[in-house]
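Labels run A, B, C and D following the written order; every chain starts at residue 1.
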Amino acid sequence: MTQVFINGARDETNVREFDTLDSSIQELIRAANEARNNAYCPYSNFAVGAALRTSDGAIYTGCNIENGAYAASICAERTAAVKAISEGKRDFVACAVVAQQDTGFTTPCGVCRQFLAEFVTAGKDIPLYAARPSNLPLRVLCTSVLQLLPNGFTFHNGK
Amino acid sequence: MTQVFINGARDETNVREFDTLDSSIQELIRAANEARNNAYCPYSNFAVGAALRTSDGAIYTGCNIENGAYAASICAERTAAVKAISEGKRDFVACAVVAQQDTGFTTPCGVCRQFLAEFVTAGKDIPLYAARPSNLPLRVLCTSVLQLLPNGFTFHNGK
Amino acid sequence: MTQVFINGARDETNVREFDTLDSSIQELIRAANEARNNAYCPYSNFAVGAALRTSDGAIYTGCNIENGAYAASICAERTAAVKAISEGKRDFVACAVVAQQDTGFTTPCGVCRQFLAEFVTAGKDIPLYAARPSNLPLRVLCTSVLQLLPNGFTFHNGK
Amino acid sequence: MTQVFINGARDETNVREFDTLDSSIQELIRAANEARNNAYCPYSNFAVGAALRTSDGAIYTGCNIENGAYAASICAERTAAVKAISEGKRDFVACAVVAQQDTGFTTPCGVCRQFLAEFVTAGKDIPLYAARPSNLPLRVLCTSVLQLLPNGFTFHNGK
């Protein structure tokens, strides 16, 4: 069996064929892929799309938006998240990320993991799907926000 | 004449009465104020709203969204901006920010100034209006993105 | 056996008594604790200290430094890291974080995990120790940068 | 008289010859230039150095340190600042930034302006000098943190 390299690590466990996924997940991944078209990435030339589904069934999409001062850049996942949150929706039920890197899947960066984990409430984890725009048959890394940020930092004193 | 303290500095020049502003600006300020309602700010208890108008007349609004890891927080201005940009709109013609601090006006932080300045193209500055939700008669600080980020950093090599 | 709550999750596996740790690790944890004294945290009142050991045996310490614009804040771990890197040291062999939260251990936030992971080269993971300043007998969460950022994001195209 | 382009804007006022500056400022600019050597910038290939002098006469230097997730990058100015602050020094009396861009001077980005402005206390502004590593005769943009962040955002409620 061919082994899949996920950002350098070998892990076959959580990779599935796109066609075997629930249709609502397929729709979410397609929305994330579509969102890549609006990416503003003149510095990296690396377009990323993301999509978040909220508990009411709505989909919010985002792309990465870079800045000449790299630190001021905002990723696709956070763009999608703030769109939903600023519309009063914080109850995320699934997240998809789509980008093309030669090796492995593009997962959310640590900043985005931290941002999304803030909205994992009552232990209700958010499933997360990472895919590439092409590479047929399309394979998808299936994970979750809590899996990607184990022993996550939360600030208890502050609430 | 009473002097107005703008974040510590005395400056009467750019402060105007809300009623004297163009109706499109009044509408933008009202939209920013309304957007405060969705702020997620359990750490600061400081709700900020922002609104951006794009050249096609549309208004995109945002609120601040905080994180237990403070550095992962996103301000109202950037929330509004990424919403527009991820919908393919980058041509901003005006920005409004509304928040309540006891002294002076709440202006965009340096991160947001840097983020917005990336989209000041062809020298077309973005007028910016900072107001408080109450304090009648409502007074508005009238400035602009380039005024708030003089000699701004841009990364020429990278484009 | 008493169960330990680690930021909400129960996990006994990686928790050890301070006294059983290698003396070089004990020294690192003490350095992180000491570094808390310089924290600038007027907004959270939550002081964090961190310490990084480089391969030459040197220790670099850091504290959290907050900003009125929360997004511009820098954590203790990144403060320690940039101190070392700007002195030409990027070969980290261990990291310690010390802070006092009532429940569980204070682990690095996602931003810091992402920042540190950039310097995990050739698969050489960085052991990470999270402790509280008091709570005797002192217990320590023993983990690592890669364990805290599984399937981490790395940008292959850009290098 | 030849006009100098400062990031797109024409401004002759604040540009001076290196040789005419106070020797302590010359020393600071040289330190910033030297600090560029430790820059970690595999994504932009744009090395920046910074130096801060504290009221006790000490110099703290920094370089930019990038991350594959651009948002997690830290600039030279902030690296220098957190080094000083984490050593208990917050009383900055001068700042220098050195980088090579073809046009104009490299000034601090908005994130760094916000970060530094937090430590402008009691209205004691921090003079700031931006220079290029070569381009003889060396010319220097002379400005200040408050000049670069007019009507700056400060969070009064939070202190």
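Here is the rule we go by: contacts are C-beta pairs under 8 Å (C-beta built on N, C-alpha and C of every residue); 3 or more make two chains touch, one makes a residue touch a chain.
In this text, all values refer to a predicted model and were calculated from it rather than measured experimentally.
Colleague: Counting only C-alpha atoms to place each centre, which chain is farthest from subunit B?
Modeller: C
Colleague: Go ahead and note the Å separation of the Cα centroids belonging to subunit A and subunit C.
Modeller: Spacing between the chain centres: roughly 25 Å.
Colleague: State, to the nearest whole Å, the distance from the C-alpha centre of subunit A to the C-alpha centre of subunit B.
Modeller: Those two chain centres are 28 Å apart.
Colleague: Where the CA atoms of subunit A average out and where those of subunit D average out, how many Å apart are those spots?
Modeller: Chain centres of subunit A and subunit D, defined by C-alpha means, are spaced 35 Å apart.
Colleague: Hunt down the residues of subunit A that sit against at least two other chains at once, touch-wise.
Modeller: 43-44, 67-69, 72, 74, 109-111, 114-115, 153-155, 158
Colleague: Using the contact definition from the top, classify how the chains connect: line, ring, star, complete or other.
Modeller: Topology of touching chains reads as complete, every chain touching all others.
Colleague: If we count contacts the way the header does, which residues on subunit C are in touch with subunit B in the complex?
Modeller: 43-44, 66-75, 109-111
Colleague: Can you tell me which positions in subunit D touch subunit B when the two form their complex?
Modeller: 6-9, 11, 44-46, 101-103, 105-115, 117, 123, 141, 143, 147-158
Colleague: Residue numbers of subunit A touching subunit B in their complex, please.
Modeller: 35, 37-38, 40, 42-43, 61-63, 65, 67-69, 72, 74, 78-83, 85-88, 90, 111, 114-115, 118, 153-155, 158-159
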